[in-house]
Structure formats: C-alpha cells, structure tokens
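Starting off with a structure, shown below.
For reference, chains read A, B, C and D in written order, and residue numbers begin at 1 within each chain.
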Amino acid sequence: MFQNNREGLALALPAAVFTAALFLLPVGILLSEAFQVDGQWSLQGYFDFAAKPLNQVVFLRTLKLGFLVAFVSAIIGYAAAFCIVNLDGKHRGRVFGLVVLPLMISPVARTYAWIVILGRTGIVNDAIQGLGLSDTPIRLLFTETAVFLGLLQLFLPLMIISLVSAMENLPKDVVPAARVLGANWLQVFTRVILPLTKDGLVLGGTLVFTGSLTAYITPAILGGSKVLMLETLLYQRVNVANDFVSAGIIATILIVMSFGANLLLKRISAARS
Amino acid sequence: MKVLLALTTALFLTSGVAQAADKKLTISVYSFAQDAFKKALYDPFEKICNCELVVETGNSVERMAKIEANAANPVVDMAVMSSHDALALARKGLLQPLDTSKIPSHADLYKSAQDPIGNNMAVGYGFYATSIVYRSDLVEIDSWADLLSEKVKGRVALPNITGTQGPLTLHMLSKALGHEGIDFSKTIDAIGEKKEDIVTFYGRSSQLAQLMLQEEVIAAPVGRFAWSRFSGAKFPFKWAEPKEGQTGGMNVMLMTKGNGNEELAYQFMEYWLSNETQTRIAEMKLDSPANAKVVVSDEIAESLTYGAELINSLNMLDSGAIIDNRDGWVERWNEKVVN
Amino acid sequence: MSSAFVSLQNVSLAYGKTVVVPDLRLDIRKGELVALLGPSGCGKTTTMRAIAGLMSLHAGSISIDGVDMSRTPANKRGVGLVFQSYALFPHLNAFENVAFGLRLKKLPRTEIIGRVEHGLSTVGLSHLAQRKPAEMSGGQQQRLSLARSLVMEPKVLLLDEPLSNLDARLRLEMRTELQRVQRDTGITMIFVTHDQSEALALADRIVLMKDGVIEQLGTADDLYNRPETEFAADFFGFENIFEVSGSSIRGPQGSVSISFTAKAGHLAWRPGAVKIGSGPHKATVRGVAFAGEHREYVFDTGLGQIKASAPAGEPAYELGASLSFDLPEDGALSIPAKN
Amino acid sequence: MTGTWASRLIIGLTLTFLIGPFFIIIAAGLSAGDFLAFPPDGLSLKWYLKVFEVESFRESFALSMFLAVFGTIAALILGVPAAYAISRYQIPYGETIKTIVAAPIIVPGIIVGLALLRYLVVPLNFTITLALFLAHTALVLPYAVRVVSSSLNNLRSDMEEAAVLLGCSRLGAFFRVVLPNIQSGVLAAFILGFVTSFNQVPVSLFLSGPGVRTLPIDMLSYMEITYDPSVAALSALLALMSVVIVFVAEKFLGFSRYV
C-alpha cells in the first residue's frame, strides 16, 4: 500500500467521475422522472402503472421466467458442474472453454438460431412429428416456452461457471468422505455439496436471474408482442408512446428486482449456514 | 499509449470532418423493400442533387415518437408516415407547413392527396389498400370475420394496435362482426377471447412477410405496399377480396419544424412526386401512385391500389378519428388482448 | 553527530493515526554494518523503509552523508534496498534486472555492460545473465537482487530480512557473501532481522528495538553478554529472569533466598547457567527434551517454572523426578532497576 | 462415483444445448435456397458472400468495430489507473468509488441507452456516435477495472518500490515494471471489453439514428425485413470471429480465468 492517498484518488477519480457524470447522472434523472407528476414529487405514477392489468401480467411473467430460468439452470448447472469438476485437467479445460464460449458470441446470433429450431418447420417440430408425438406442428415461437429456452441457453453458462469455481474450492475428498460415512447421493448433495457451494449458487443465481430480467433480444425475437417482458414493454412504451414515466418505473423495478434478488439470495445462503 | 491516444483523437476528428463536408438529407421512411427503393428512388436522387441521403427506417408510430423526442433539435429533415401519425405530429406543432409552390408536381396529385391533414402540413404520395393475404392452398378467405374463425386458428397474425394497420383491421372486423361504434370495444373483446389462436401481433409489415414465408402464419391483414414481398414468393399467396370490402389509407410526406434543410427536402419531395418517379415506383410495384397523371399497364395496375375508382371504394378511417380514439383502443387492447 | 553518516533525529513514523515509531534517534557511521533487530511489529522494517524514503516522516529528520534527505523522494536518495521477497522484475532477465537502474541513469552502453558484468560476477551469477528470475533458485535470486542494488553504488544499502527465505545451508553461504561484499566495497549497510543469531553473526553494531523504541544499541558482545534490560536479556537467551527483593528473588509462584548480595533490579540466568543436581532449591521435572548436545529441562520450582539445560553426557532426569538445583552468582546477569 | 457414461452424457447434453444451435446457424447460412431452413436446401456459399455486399452491414460493422476498439481503449485508459489506485492505495471513499465504477454492470442497458438519449443527445446536442462511444466506454469500464485489478493483486507491490529505489519515478515504475507484468491482464481485459461492447444490444437500442446503427441492431432490423439466410450467415461469421478471438486468447493468456 502506498501512503500518498491523494495520488491514489487522482488516479481513481477520472473513472469514477466519468461513470458518475455520463452514466449514473442521466440514469438517475430518468428514474427520478417516474416519481414526478406535473412537477410534484409523487408516487401516483407507480399507482397508475400498477393498476393496469397489462403491466401486472408483464411484471409477473418477467418474475416467473426469471425464477424459472434461474431454478432450472441451477439444476442443470449442478449436474454439469459436478461432471466437469471430476474430469481430468486437460478435458476439464476444454469443456470449460466450450461452456464459456457462447458468452463471447453475439446474443443476436444465439437467439436467431432458435427461430430455426423452434419454427413450425424447425427441427423440434420435425422431431415431434417424426416420433409421432403429434400429427400437426406445435406452435412454439412467440410462446413463453420459446423465451424460456432462449434465456436458459443464454445464461446457463454463467451458472455453470459460478458453480464450477465454487466446486473447485471444495476441500478434496469431502464427497468420498461423506459416502464412506453412509450418505446417499441426495444426502451428499443437500448436506455437503449444497452448503459448501452456496456462494457459487448465489452468484450464479443472481447473474442468471438479473440477466433474464434485463434481456431484451430474446423476448423481443422469440416472444414478440404476445409475450411481453418488462424490458420489451419498456422499449414499446418509449418507442410507441414516448411514455418516459412508464420507462422510468420499469427501470426502477428492474434495478430494484436485481438488487433484491441479490440480497434475498445472500440472505437465504446466510440463513442456511 | 500516447500513440493510441493520438490515433483516437485523429479518428474522431476525421470522422467528424468527413460528415460535415457533404450535403446531406436525412429522411425517415418505412422499412419494407428498402433495396428496391434504393434503386428506384434514393440512388437516382443522390446523383441529381449531388448529396447524400441518410435513411432511417421503422414503422410509422416508432418514427413519429422519435421525431417527437428529438423535436428540440430535429435529426430527421423529411419523413413519410401514415396520415394520422402525421396529423398527430402536426397537432403537437412539430411540422413545418409546406410551401406547395416549391413542389411543382403538387398540382398533379389526386385531390385528396393535396392537403390530406389540413394547413398544408403534409402531402400524400401514395395510397394503399389493406386486405388479407392468405395461403390459397391452405385456406379460403372471403370475409374479415374469417380472421377469428376456426379455419386459421393458430396460424393467423394480426397487426398490433399501435401500428398503422391495427386500427384499419379493427375497423373492418367491426364491420364484419356487426359491431357499431368507433370505440371498437366489442371487437377488441372478441379478439381477446381468441387471443390464444393468434400467433402474434406484428409491428411491421415487413415482419409479417417473414412470418408467412416461415409458414408460421397463413393469413393476416396487410397493406398493399407490402404485397410485392408475397406475390413472387415460393407459396401461393392470394390477396383477399372480402365481402365487407377493403380498407386502406394514405401515406404522406412531411417536413420537421426547423430542420434547416428545406431546399433539399423540397427537391426530394418534388423528385418523389414527379410523374417519372411515381411511374417508376409503380412499375416496380413498390407503391401506388398519388400522382393522377401516372399511367400504368393493366397488369401493373392489378398489383397496385391504382385509379380513382378503387381509391374511392376503400373504407378509410378518418385520421382525426384515429388520433382521438387511439389511446382508448390501446388501453382496452392491452387489457383484453396482449396479457 | 559529525561522525554520523546516516543520522535519524527525533524520527516519528505513523500509518494513518497509528504511531509505530514515536521518537527515534540513531547515528550510523560510514562503512558500518548495522542490524535492526527485534520481534515483528517492533518498527524495524518501518524505520528501514523511512530511511529508503518509501515511508514519509511524521516528524523528525533523516540525513545521509550530511545532507538532509527528509523530503527527498526515494528515487533521488541514492539508497539501495534488497527486499525480503527480492522484488526482481519477472519480465526482465538477470542482466536486464541489474542494468535497470543504470539504464535509467542514461549511462553509456559500454559502461552499463561493464558494470552489470562486474556486478553479476561479484555475486557469482555471470553464467546466468540470460535467465529470467523465475528460472533461478532462491539463493540465486537473492544474490541477483543484491547485485542489482550494488551496481548502483548506493551510499547506503538496506537489506530486509536478507537470510530469512533461504534454507540453513544457503543462509551460511549468504552470510559470508554479505560480509565479503561489505569488506570489499566498504559500503554502509543496514539490515533488518528478527533473528538474533543472524544479527550477532553479521553486524558491527546491533540496534535492538521494541515497540518503536531502541531498547539497546551496541556491539554483538555488548548485547549478548551485557543486555541492559529485561527485554534484551530475554531476547539474548537469559530466559530465567527474577526480580530482586532484598536478599531473595521473586518469581510468579513465590520467592527464594539467594546466597549472594545483589543490586536492586533483576537477576537473570541462561538455562545453561542453572546448576542441576545440587543446591539449596528443590524442583520437579515438568518437561524434558533431547536436543543433541544438550538436554533441555523445564522445572517446577518455588519461583515458578524455570528453564535449564545440561550436557547430554550427564545422567538424565525423568519426567516427574525431584532434584535439587542452584541459581549461582557465577553466571547471573544483574539488570539494574530503571531510572 | 457415478459412472463415467452418465457424466459424459450430462456434459454432452449440456454442450449440445449450449453450442448445438451455432452449428444449425452455420448450416442454415450455407443453404442454396432463398429462405431460412434447416436442414438447408442444398449447399452454397452465396449467403456468406451476400453478407459482405449489404451496405448497411458494412457500415454498422465499422461502427461496432470502432466502438469496441476505441470504447475499450478509452475504458482501459480510465480503468487501468483506477484499478491501480484501488489495489495500491487506500483511497478516501474507496468503496464508494468502486461501487460507482461497477454500477454500469447493474443498471439494465436499455435504461442507459434511453437516459443518454434523453439527457445527453437531445438537450446537449451530442451526436449519437459520441453517446454510443461514451456508453460503451462506461459499460466496459467495470470489466477493465475488475480484470486489471486481479492482475495487479497478483503482482507484488514491492517490485515498484524496488524500481523507485533504482531511480524510477512512480510513473516510470508503472510503465517500466507494472505494465509489462500485467500485460496479459490488460490484453484479457481488452478482449473481454471488445467482445462485450461488440455484442452489446440493449444500450444501443435507443442510441440509433439515421445511418448510425451498431451491427447487432442492424441485424435485428434486417431480420424483421428479410427472411433469407444472410442473417444466419452473418451470425455464423460473427460467432466464428468470437471463437477465433477466444481460442487465441485462451491459448496465449489462459483467458477463461478472467471471465
């Protein structure tokens, strides 16, 4: 540590001032607009917003999909992370690289693939009909299922990465030790792995949940105007109606939900230990 | 580091300078068939005016919102949009009255296109009919009511209420279902009841074309201007002639207030409205002419909304009525349909 | 004062609000090898960093060679420092590491090469000039770090725990090396250590510090044989320390009388000075450990626990055995009372 | 332990789910037909070639490249000193500063774009390009600080003191000793920043104007207009670009530990 703190401040300040002035300030003004009605501070905008059935539905749908994606990615994530951690060094690196890779690829490209896959003439429908599960193609595009799948594919890597790094920090041989002491696999998971990796789960859960809340492309392409989520609703409100009050409200909701999820998950993990 | 800094600065400066050097006209247009419009309209105009056209695309209402957001400092000089969106902008005082003496072809336009929203705030450049496009190999459509029928269940798309085609569709559906009144409430409720059978509510005509080519959708209301996307495609698409008739509208061109680029904008308007250009655009089946002097072959006319007789037969909605009632429709739509 | 080469006057050092060194005076002569000795947290490293200029003074002044350096930045002081971790530059090879400071001085190329080669040969690393630090052993890294400082011909060379990261064999080797370098160059060296044997073996003078205050300053002989405070006595192996009260001495468990007269203050004995097997006092063996040439005992006595040792050749006492012992005048260190 | 076959199956299925769609995209782009389809109607490279002929793609690609390269460089110019200050000094209000710099990760991008449009572009007359540049810089900044900080924390600070004692100024010590040793961290930060910026959508959603559009936004609108396989081809090309970057970065920097 160096002693000259003023020098340190001088180094850190440009970045902080830049972000504060060009990023936080405009965002802050936008959020504050939602608390004003005719120039007066008021929560009326929020009451009006909450009273509209469409907004309620979209809010609940966003919450539901966020939870669902986080939950399912945790299940898949644990299975995948456990398998990856048990690979030998070389294979582990490769598989891990392949898991990280999609994060580096444009989400537009990632979502676009699902149009081909889920369309009426896409491979999922071909498979369903080929297997004789249904005579007519099933409508998958513009449904919550499509949005769910798209989001899951988008954010699963974040969960796997978080869990893999949590599991790598597990003390060696705790799982065999628990097995020797007579625990079955479910007990190994709930009594040993889960408590020891909960930090990774919290991190991954937060990333996936907030990612799902704030994703735009996936609900826009795979959900369209029938499966609106908060982010697409915000876009629509602004683009169609110049409704900046609703935009500010949705923005506040999104930020509060992201923070809330983080706090909640932290609380849960703290309570468990 | 220093080198990089210098490089950055240099890049910024040069990009700024390069932009300032040219004469530039920024226009805001619909997003369909831009490749064709480029050939038919933008490229030849750029040659004549010795300027650069910067094109923004999107649906009418989105672009209208953008013009409103940027009102203090207009980005767009000249825009084309639906007549009712233009009227909304005019009422907000965001448009500049047109000096029609600077548009010589103005006199050649159909009467209804010469001053469609009053005060010379806009001129019409093209009419369109709106009807239902459907896959004739799979279904037969002869009434607007068919959109909510079993025939197209799960494979029909409707235009979103916020777009230009939305109100027109409601208008015709109301007629077909026998619901009276401009508030369309019964019609909206009827759509709400069937919402699970509707694939999606599309925002742009261009998007619908994609959905129909993808075979997600086999029938949907659409403006005639988008017909060219269907007519040559791999499936047998057909333009319905419902017993209630067709609806339609007019697209208009306008100028934003205080855009500071009036001369070029007038030059472009005149070019677009001229007999020569309107004929070319008509022959490419891009847009139906508003210039009454345009003459096209019967075969071309077949694809267009051409001729005074046809235009007069369209069940149009009054621009003022659309603006006055739109908020109410959207509210009910959000409540009953899209949730 | 005039003979001092490095002089610290009323130096006070603090981290934020925590004062580590309250008021230090220390004069070091030219060409001396001085050890700053003390347990961790005693302020020895802080003092060294202050001399180097890496730590600003809270109060007081530091001068080197008659010049006040209190406000001189570290890079202008002409002080060298060999870090405990060596702090070699991982991206540079041995040659470049040594040349680093010379290049900053913008010396002619040939001179740099000459001095670096000489520096490397002084520490016996000429053959490893192209190696990166990561490819060298701990001892080699240590010598490289030394060479890097030496080529700068600093007025004062500071060494932070120079032997602590080396194994026992290398430590001996390095100790000799340091002494040789000091003899050859005549450079003034100050090194920091917590290991009394290191200080005793190397230093001309030892500065024993505790809680930021100099406890005792003197030659190795002074400190080893004539420690002046309880702390110094304990640090140099007088582990049995008792307070004198009249004709007896007092320990935590009680008092015993002594057979000789002592000055007021404390009396202290090394474990080896405790006479075992005969004497006026009784003890029970509480612990015994074989340590090669010696057996080390812990006795429970009327004073409390005392430590003793006996040559391994003598008969051993078992755990729990009772025996007699004496604390003789011969071998007792008298520490006079303070003030 | 579970049998290896089960573990392989799980990994295989997961990877198929995560990566399989890209192969479909690549294949769909190879179609010889005029419409997006999988399996493709015959094979041809024409859609991959068409990507390069679409003028708007060329323009938006140039803009996205510009933003990704220079936005990231700007973020590093701001972020490296900040990371250095955070890891080497006890700055007053250090926690506050850290929170401020990290904030752009938390705030949904769409809001950022909207806020900049409303309060910088419209009233202050910033160009869209400048607003995009500022937004992307702020967005990449937290990643730059995080990655560079972790490199700095692995570098002992006594090395800088050694350099100073050998005659360097503090600044000189930074350039001669610190920078060469955190090179790979800075490079990793650059790559992460580049990819983040290049693929960024929500921020750019509102920050688009006539003739100014980032590539992802341009792709979105192109997708709505045309249903030919060129967007698939472009997506595949972009994915390939990322793969190459990540592969090279992983090979030389061990990139995935920074993600």
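By our rule, a contact is a pair of C-beta atoms (placed from the backbone, for glycine too) under 8 Å apart; a residue touches a chain by one contact, two chains touch by 3 or more.
Please read all numbers here as calculations on a predicted model, not as lab measurements.
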| item | value |
| --- | --- |
| Most remote chain, CA-based centroid, reference being chain D | C |
| Chain whose Cα mean lies nearest the overall Cα mean | D |
| C-D compared against A-D, more contacting pairs | A-D |
| Interchain centroid distance [CA atoms averaged], chain C/chain D, Å | 53 |
| Gap in Å, rounded to a whole number, between the CA centres of chain D and chain A | 18 |
| Chain B and chain D: spacing of chain centres that average the CA atoms, whole Å | 36 |
| Between chain C and chain B, distance of the C-alpha-averaged centres to the nearest whole Å | 88 |
| Multi-chain contact residues (two or more partners), chain B | 69, 214 |
| Residue numbers of chain A (touch at least two other chains) | 4, 115, 121, 238 |
| Residues of chain C touching at least two other chains | none |
| Touching residues on chain D, where the partner in the complex is chain C | 156, 158-159, 161-169, 172, 176-177, 180-181 |
| In the complex, chain B residues that touch chain D | 1, 4-5, 8, 11, 15, 26-28, 31-32, 34, 54-58, 69-70, 72-73, 75-76, 204, 206-207, 209-210, 213-214, 234 |
| Complex contacts: residues of chain A adjacent to chain B | 52-54, 56-58, 115, 119-121, 139, 141-142, 224-226, 228, 236, 238-242 |
| Residues of chain D touching chain A in the complex | 1, 7-8, 10-11, 14-15, 17-19, 21-22, 24-25, 28, 36-38, 78-79, 81-82, 84-86, 88-92, 94, 97, 100-101, 103-104, 106-112, 114-116, 118-120, 134-135, 137-138, 141, 145, 157, 170, 195, 198-199, 201-202, 205-206, 216, 219-220, 223, 231-232, 234-236, 238-239, 242-243, 245-246, 250, 256, 259 |
| Interfacial residue positions of chain B with respect to chain A in the complex | 61-62, 65-66, 68-69, 154, 160, 162, 195, 198-203, 214-216, 330-331, 334-335, 338-339 |
